[in-house]
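Both of the next two complexes hold subunit A, though its partner changes from subunit B to subunit C.
Let's look at the complex of A and B:
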């Protein structure tokens, strides 16, 4: 491998923000260390990854197949990294693959194979695969029109959740309690995606995530698990998130961990993936919600929360290394083939800026609305929680009642 | 009884209650793990690290949480500052609490405190670190706001004096200073009562701009066009401990930005860039062009003269930014910040001259000489804002003095139009195929706008219009298909055309927010929901149309521009 093309995530947007500057920058550093030439396409001129000394060549161009194709023709790279630029880079890569551009230029997608990415993103393939593994997924039907959506809703029963494939930040997804709400959501969803999933609502269940690293030999570890403070129904990006999970007994923790590892292997992940579960608060019943076969907001959080350089190691795994062959670059002494264990608690808090927008609703739901986040570290949950509220810079001094009479 | 936080802090210290520094231990002490990741906790009883106390440390305050108006650009500034500290032989210490940044990465600094950017916590850290000094001018508004309180607590701030930062940030004090210097600014007065405002308005006339001090990205800023809006704003106004200034709002004025570095009051490097849109649109939402294409040499000289005066008066050392408006060759100052601005990375990357490096060297007291000015005949850079309206159901995708963009892109090109089209495509716009809808207010549509539309017709585009626009286009001999408003049950209807995706691009010119009618809002919102590119600013719409009618795009990497 002589020259590798990395695709960035473009402008910061709700659902795709600074985390991809972090992951792209680490990936570029990891490749550069191997003496491989790096080409970066990212029009986000304010990022660190588009600075002097990170990539060998930088193209400030739109993340569109048309432009990436031209860069490929010009630079003739031999490898392509898609998983460090969020959904934007991934979608673009899938289109290049489908148009045969990658094949024509003998360009190899490094890390998780593109077929696996497609399988993890296509709701039908995804569900079938998990069914064969006896892993429970939420009951759902893929539809392509309003008529199909109506009949699907009758089969599943209201309330239902609507999701589109290849969506970031839960864009154009939402809950519908009746046919009227369903029609409105479907209308909008269809203009963004041709494939829509109608799914049983798991509102009120716990939302638990695992960050998994996997190498090409099938070695797998979970770096960390994250527990959403807000239940299913609130987008993770809008939820307070705690690491490690605080309310799971060992049996639940281990069950979901085992599932995560086998799913990562089954999908042929090479690098990093994020696995999301819904867990019933009243029993050990669970549903697998989705997997992200790429670096995500959660992986940036998990990386900072544990001190495990997820993006850096993921890039090394994509180059073909095994977990056992790498050291943990943060600690310098330990191996990368270990599961971090924490003697502290981490909280992530979202920050909204909704009052800047005219006519915006301040209700949070399954579509992400926050524009930023902070992470706090404490010796106890309470300490981390109070710190996090102060970090938000919204005038809070912690979880206290300012109106309470002294 | 009311008690200040500094009093609580003092009591806490006398009672010997201190947070201790803990090192992040990924391995729960199962194996030794040495990291430079630190946090503070009241659950600890000793520090995990030893302090050198050699005065070779420099602390950089990060940007904290990303919000509209403060995001990745300040992370870039901080990371570059850390690099310079390292190469100049200082121990780089970072305080930040944002997990989506590079400045909180394991290999960017020598010690990282994943901590609050509150006065209390920063003081705790500084008292342990006893650094050579603290840099507050790279993390945007949160860190800059700590300059004065830290100074009051006897901490050394590197760069401009904390008292100067305070004078510039306080709009009342700053406006006073400009008066002393004889620098023009829009007519202003300090806000106190509704009656006072009305007296002021009788003097200067509508529209007026209301601005509270210490604000970021225009929050709480408002342009007021008439008495109803004034009442509406007055009801909404949140009480602020800082002063509020009202000024005359100048319409149809050009907005110009200056990003600069000064050394002990001497201007040593500066970059002038211009907005495509007229003043009134927040600078964070505006389209920025660098080097500027439409500024008189005399304007350049005047801006340079004023900037030198300001740098001198406030004895600026380090990065700063001034915003100007220019109308009929009158240059006026509207805002100044003694810190790195949002546009520093864009300006630095277009010119290939890293302004953060220079600013940091200045702040470290390194001898620095004037560095000239960047100019290029061969290429330019354009920065375009990205809006996340599609992710916020129901919001009106309209722009104003309050910033609403969540991100930005910047591209390089051989000329303005090529560069603009690249940047706009990067920001999610697409070149419309055939059908274009023009709607909204006609008062801002002038002759040159019509000429641009004629170019489209010449290129074979089909025009669609709404009520007010239809006869207006007719007057200029342009035929368009009239579509009725969404609420009206007449056919052909705008909403149907959008839903069926028969329109590929929409220009909607809003007059101003308060007098807005629902139809325009519904149209704009539908554009967002149905994923149809929408522009609401005539200047940008004109430039975009000219750009896509014209240009062939070149594919070239960053450095190949710089070496031309």
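Let's look at the complex of A and C:
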């Protein structure tokens, strides 16, 4: 491999913020270390990855198939990294694949194969695959029109949640309690995607995520798990998130971990993937919500929370290394094939800026509204929680009763 | 923090660590070891391999999901009926636990079992000390002082194993299980694989048994060299051709019987994140571990090979015989707690019994 094209993070937006600048930068550094030439496409000049010395060559062009195609024609790279620039980069790569551009230029997608990416994003293929693995997903039906949505809602019964394929930040998802609400939501959803998933609502269940690393030998680890403080129904990006999980005994923790590893293997992940579950608060019952076959918001958090350089290692795995062949970049002596054991607790707090959107609701739900986040570390949950609240810089001293005299 | 003061004293340290009491209000001593896992305190506390130890958790918050109902049934969420540690040392005790399956709080359960706990200890500093100076003796003092106690001088298996032969299940494969302090999940893993278990106390002369298809040497507490009797019996079994599978202490005893030495690690492997590599392959696994002693494999006896190696420190994680169906692992394929990524080793064992039945019978 001589020259690798990396699709960058692009514009900052809700659901795709600084984390993808971070992951792209890490990937570029990891490739450079191998003496391979790097080409970056990213229109955003205000990022670290477009600073001098990170990539060998930068094209300040939009993350759009048309432009990427031009770069491919001109540069003739031999490898392509899709999974480090967030959902936009991934979608762009899928389009290039579907248009046959990758095949025409004999351009190899490094890391997780493109077929796996499609299987993980397409709600229909995804559900079928999990059914054959006997892993439970929420009861749901994929629809393409309002009529189909109505009949699906009758089958599943209200309340239901609506989700679209290839979406970001839970875009145009929402809950419907009756046909009228459903019609409004479907209308919006159809303008974003032709494939819509109607699903039983699991509101109130615990939302748990695992960050999985996988190499080409099928060796897998989970870097850490994350538990949402706010239950299912509130987007992870709008939820307080705690690492590691606080309410799961060993049996539940290991059960979901084992599922995560077998899913990552079944989908042929090489690099990183994020697996999201709903876990019943009253039994060991669970549902798989979704997987992200790419670096994600949560992987950036997991990376910072544990010190495990997920994006860096994921890039090395994409180049063909095995996890056991790489060093733990923190200790420099032990292996990258390990699962960090924390001796602290991490909290992530969302930061909103809803004043900027005067007509938007201040209620949080399944589509993401936060524009930033704060991460705090503590020796107890209370400590991490209070630190995080203060660092939001909105004048809060923490979770205290303001009326109480000190 | 209205709980009474408790003190932790280490043999090699002048400093006293001051914390608060939870669990039973009694002084207790033992060997101080640390565990790095982030869940699974119920499983660890009921694991007989921890007999005589004061357990430190590096993860700060313990007790958050309480304790499930624990009875005599091996299908319960525990590794034995009782708590085996001598004391629990943690940073932050969760006073308001909740879980749908919770029956007691951790503090109440410790109290019921007569085991003290101390919280409010800087477990990070304590762990650093143990990592630098090695495992040491210690005591938790509640009201009156007591002497230090070294569990490795004793034969601990007699305190944790069953008293008489017991049969479980009606499966096809008859497993002679030598109980040195076996964890319930080893029984569950066998019963789920069509086995009948003949569980015998560690000291029984199992060379007298004949009606079995394979031997499993269990995990257990303490120094492997204190188990002369078992080593003799294993030497005898190694002359036979029936499959033998050893786990943790069982691995060390197979090693000793085959002529390998053991030594004590500076601070042991206790946690759910130990990486091992299957020798001669690129297959790596995350394993659950709990041991202080390890096989010294610088020189191996003829016909024995290394099966697994620890990726972090290169220590031996298991042995395999070149032409007989004998193999053993230092880690816990049954997990509980910890990752179950190596549970397939039980399938290997079954496979061995299956093919040797055909071969030798």
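Note that in this section the second predicted complex is superposed on the first by the 404 of 406 C-alpha atoms of A that agree within 3 Å, B and C clash if a C-alpha of one lies under 4 Å from a C-alpha of the other, contacts with A are read in each partner's own complex, and residues count from 1 in each chain.
Note that in this section a contact is a pair of C-beta atoms (placed from the backbone, for glycine too) under 8 Å apart; a residue touches a chain by one contact, two chains touch by 3 or more.
Worth saying up front: this structure is predicted, and the values here are computed from it rather than measured.
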{"item": "First (subunit B), second (subunit C), both or neither touched by A:283", "value": "second"}
{"item": "First, second, both or neither for A:379, with subunit B first and subunit C second", "value": "both"}
{"item": "Chain touching more of subunit A, residue-wise (subunit B, subunit C)", "value": "B"}
{"item": "Partner chain in contact with A:219 - subunit B first, subunit C second, else both or neither", "value": "second"}
{"item": "Contacts of A:334 with subunit B and subunit C, given as first, second, both or neither", "value": "both"}
{"item": "Touched partner set for A:158, first subunit B, second subunit C, both or neither", "value": "neither"}
{"item": "Touched partner set for A:391, first subunit B, second subunit C, both or neither", "value": "first"}
{"item": "Contacts of A:344 with subunit B and subunit C, given as first, second, both or neither", "value": "both"}
{"item": "Touching partner for A:229 - first (subunit B), second (subunit C), both, neither", "value": "neither"}
{"item": "Intersection of subunit A interface sets (partners subunit B, subunit C)", "value": "334, 338, 340-344, 379-380"}
{"item": "Of subunit A, residues touching subunit C in the complex", "value": "217-219, 221, 244-251, 253-254, 257-258, 261, 281-283, 322-324, 334-335, 337-345, 379-381"}
{"item": "Subunit A residues within the subunit B interface of the complex", "value": "10-15, 17-19, 21-22, 25-26, 29, 39, 43-52, 57-64, 67, 70-71, 74, 169, 171-172, 187-188, 191-192, 297, 300-301, 303-309, 328-334, 338, 340-344, 348, 351, 353-354, 356-361, 367-369, 371-380, 383, 387, 390-393, 406"}
{"item": "Subunit C residues touching subunit A - in the complex, by the definition given at the top", "value": "36-40, 42-43, 58-61, 64-65, 68, 77, 91-92, 98-101, 123-124, 127, 271-273, 275, 277, 282-286, 311-312, 335-341"}
{"item": "For the subunit B and subunit A complex, residues of the former touching the latter", "value": "1, 22, 24-35, 37, 39, 41-44, 64-68, 71-73, 75-76, 79-80, 97-102, 104-107, 114-118, 142, 219, 342, 345-346, 349-350, 354, 381, 383, 386, 388, 390-396, 398, 402-404, 406-412, 422-423, 425-428, 499, 501, 513, 521, 529-531, 555-559"}
